[in-house]
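Across the two complexes that follow, chain A remains constant while its partner is chain B and subsequently chain C.
Showing the complex of A and B:
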């Protein structure tokens, strides 16, 4: 086992076999990314050195955690994970057209195929899986009831490794949100998503873990022919968070929108890393990333768009903008285009800026307080991204978090 | 009666450069004063110093509103106390919806006075009525603040804000610049409707033309950071004829 930090105690899971044993072997071989790992250049895990964590077990499944005060969409079906453990009775009464059950060995194989490969979170969380859930939207079903995967937790000494397989079969439609509101040592969810031909997934992730939680997510998405993903990630909580999503556009005419907002203050560190692979032609991808950083927060956006030689007529767009509210805040962006086809439209850009003094003066000269003026300009800045969400329930779920963040006091707004 | 505004030997700098070099001006309630002067004489600087913009440092003198110094007040506090600046170059706010902007401004003032926030429907009605007087249509009201507005539309939108905020002192900075004859008429009529015994105005202009429409009680010539001459409305005509050349020495 390499010498690396934050090494969860894996004694209990060391007797695995099959897919999990293979994942454990890979994890033990590589461990956490080291200082030389380019993919983790902006997000170092060294500060977590001192944590000694153990994967959560069934003893911690009791208790239900607190549901956040923010309203859930009317009629939403909530599937609960507490300290990484699935709350079994939340699988009862699933909406028609979608089934939920615990993963089996075949599912685990599918998860490893879909999730980011050679990735420490994929390998560790599959090996140390606290609960595994398989969700299947059956072919042709249109499930408009939002399904909320609610992750709570209250044990700072554990790591949580929920693993979810989500398959939207041919022609099916589903609306799924991941809502992380846990206080644990490490939250390391794996999401493996397969959107089959002509299927559509509306997906949102809200990362709102406690200020002491490290959140490292590995999300893998595969899209079939003419499949649609309308996806959004909001990273707002945690002390250190990396939301890494890899998308494989595996057949023609798939349409992927995967936008994100990160909001940081104090010493928070948010990392949005995406890997968009256009393997076939005539696909579109569009990513609108907005970050707002206050205090001494740091934001990272790494976005790779890979266009394979066969992927003619690709339209790949990516735009990242960060707004710094404090002189101690810092934003890094690493957009990368790797294009091997010749007939493509691809654009990417990254900017880092501050609030415009002239705009602020215009607002305050009308009697609007500087605090409200700032909030108005920040909201305007973020709207480009928030407006990307097409599903009204997911939009309504997400917007209050953005508003609440702006209204929360920050001692160092002007620092 | 205490004058509405007293500017006393006002000196101000931008960075290390002194721009205003000892301005004295008293404006009583209900009066309209015009400030004329060549480009670069310090007219916009004076408007920013009065309205409290950061970066415009007062290095001497005082500004009193209703007998109280306002120099320690922030821009938003001055605005809520009755100061209004119509910008020479109104600022575009992409993504900020016009109606929410107008409502935020009106409510900021109401809350300050201990009143409730304005009723949404009542507000929309009020804006529509005042917008109509300025030939501002609904489509323009729906846009983001000043985004995609023509030069004339921006100026009319400034006057709409003034009409909604009902200031005690309105500083209009080159509200005539970039306007054709028709737009100038609309804007001037809008301003004239707001003339009131309790409202004073400081009308900044480069050209005499505007003062045919908004007839001032007094005219002051600003050159090189100082008021060099003051007089009645005839002074504007005189300057129009002879130009600003040589005015520096006339003080």
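Showing the complex of A and C:
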């Protein structure tokens, strides 16, 4: 097998069995999606072929990856992954109501069931798993302490394949953040999330990897009856990043909010792909997507809302808007409705454009400098999405990144 | 027409199953079954074509053989045996008819059943000219004289190939290249007829041009090719309507329509597509795989597509605009209605290249029975399309809980000054509206037809008068059996 990113060197994992062996077989059969693959039409991986990577091993677990300067929420518990390897002592002193351990074979089976099926990242990362973590919020527990999964790394020649199973048991509540701030060749995390009946998960993901990292994520979420997900994804870092999340509303009255922001500059490529499946009736889903693109960045949003025949009384909403700040930037969108039930309210909207000149004029005519006015309008544009986050800790964790991105904005001022 | 009379008529038609389901018995001059170079030579010889046209066809055939049938649409297409069909069938006549009197009376009666009494057209004082296409050969063309006076050329494309080779060489395949897709390549190889329209500089076409396409002979695919050229500052409105007799075997139809609008020219292209959709069990019906595309070549040119799609078992159709000219305008108004086991994957492509180009897309999809209805559209803004503007609205209506409505828009923007807006909704007929109608003594079926027609109004108002009336009735008929 050639040692390239397209076919990572998997010789160390060639002796797998069980779930991982099956995943490896699927991966070897299909590999990375080709140019013909409709799901990857806006995000091509071919140009990354020249990278030579191999999955990280235990030697790389002990590093000094810096924690970001941004303040963590007070009392937050941090679980660290370095170069894709779980830092063992970070599982000590878990908050009450949360259990954390390494995955076993049953967990891997559950992960494959939850994560996006027939997906290259799911198959590759389960096969080449660098560390597997099973996190459980026990039934009925209300855990308000934010648990932060911190992913760091400092080896540009490795691919990292952390795999996490997160289960929020019946009636439990948990607050989880995934924070990627690594400098590796490829970061390919798999998140498998199961939110049981009447449970609630507040979830945020920050993708802030280095400018040379390729980030390809596969997140699968299953929601039980009357389960609530308040989720948010922020993509700022990486050279090429695809945050793909599949949500299965598997029982009635589930409520899913999964919004996202992508911020791109230079030659960055951000891809937010969501797949919202309403399998049962009386569920609602709402997605607010905002993107700002500068330099020669490219932003992609693909969002599919699938409503099954039995999913009557579905309410599926989705709104995606992209702002182009530069002549070389490109925004692509493919919102998609696939509806088989008749008693539903489903809508999506998508816009692409630049800042509204009349709004700019309104502000500048009141003595605000053009730079500040632009920053204000961009901030307001992004606030539509950020305001969706209900949990104060997660909101506080996320906002500084958005602000920092804007401050680093070429031509903007410290507004 | 009084509303009550119209309602009665609609009801009568609705009870009569597929209104246009009959087969005219006229002996056909057929090519043997199958598709190969010899068949293409046969078609070319039948059409008395020059050598360059035959070469063009053979080249297209070579290209087609290397291509695969597209599978990206949300359609379940049974495998098609291209060798098991006839590619040429012409109504048997020794020479072309010199006047209407020479046209086979059987044919004329067919048209009457379809509602286009050619013999009465002349009396109707120049409202519409009909270049009627019966199976694959144009048999009757009216109002040629009046059009000729204005300098407008409106003739079968086979005639244009002989009479205006320079125009054909310049424009045919310039908007839809031969190798554009599987079905356009097939069409280029075996097209049998279609219409050619040329509007000279500064001419406003004195009447609306109309063609009725009709599939008649069993097992003959229709491969129409239409080319419309509107020179600087000209205007033309073109109507295309389709009906087909009822039959059990699936029929393939792969047409290509090319429009070219030069500076300040405007082309309005309206379609009512009412081919046999198959029976209520999904048996039979036409496969409608059409490539329609218009190029707004000149500044301030405009191309407007309006379509009402109620027929065909499977529809694969994306009338598109390439907006090359500065401030050029593209429009797409569509109603796609599917019932029983029909499948439709239809939409548009708006390619913005010119500065200030604008496009509007209004799509109304109605699914009933066990049908699947998909809107698929692309809005692409190229880097040079400064201040381009697009507005897209896609609404889907579900009638019954066994059908599907899908919306797949693609948006690609590479210019920050461009503004693109897309919105889509999916819902069903509101109980309130239905109750309101029932309570006033309107039957449920009529109420649904009324509400659906209201839902489609934005598109219907874009249709020329004659079509609007027919289209409204069609919607009522097509929804038959979907409620209750």
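The rule we apply is simple: the second predicted complex is superposed on the first by the 400 of 415 C-alpha atoms of A that agree within 3 Å, B and C clash if a C-alpha of one lies under 4 Å from a C-alpha of the other, contacts with A are read in each partner's own complex, and residues count from 1 in each chain.
Definition applied: contacts are C-beta pairs under 8 Å (C-beta built on N, C-alpha and C of every residue); 3 or more make two chains touch, one makes a residue touch a chain.
Quick caveat: nothing in here was measured; it's all calculated off a predicted structure.
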Note to self: Applying the document's definition of touch, where does A:176 land relative to chain B and chain C: first, second, both, or neither?
What the structure shows: neither
Next item on the list: Would you check which partner chain A:349 touches, where first means chain B only, second means chain C only, and both and neither mean what they say?
Entry: second
Checklist line | chain A residues touched by each partner, larger count belonging to chain B or chain C | finding: C
Notebook entry, point to check: Just chain B (first), just chain C (second), both, or neither: which does A:250 touch?
Noted result: neither
Notebook entry, point to check: Looking at the overlay, does A:367 come into contact with chain B only (first), chain C only (second), both, or neither?
Noted result: first
Next item on the list: Could you look at A:168 and tell me whether it touches chain B, chain C, both or neither (first, second, both, neither)?
Entry: neither
Next item on the list: Report for A:100: first if it touches chain B alone, second if chain C alone, otherwise both or neither.
Entry: neither
Next item on the list: Tell me which partner A:288 touches in the superposition: chain B (first), chain C (second), both or neither.
Entry: neither
Checklist line | Intersection of the chain A residues that touch chain B with those that touch chain C | finding: none
Notebook entry, point to check: What does chain B use to touch chain A in their complex?
Noted result: 51-55, 74-76, 79-80, 84-85, 87, 90-91, 93-96, 100-101, 104-105, 108-109, 112, 144, 161, 165
Next item on the list: Can you check the complex and tell me which residues of chain A touch chain B?
Entry: 357-359, 361-370, 372-373, 376-377, 379-381, 383-384
Margin query: Which residues of chain A touch chain C once you look at their complex with the stated criterion?
Written below: 38, 309, 312, 322, 324-354
Margin query: Using the touch definition from the top, list the residues of chain C that touch chain A in their complex.
Written below: 72, 74, 381, 383, 396, 398-428
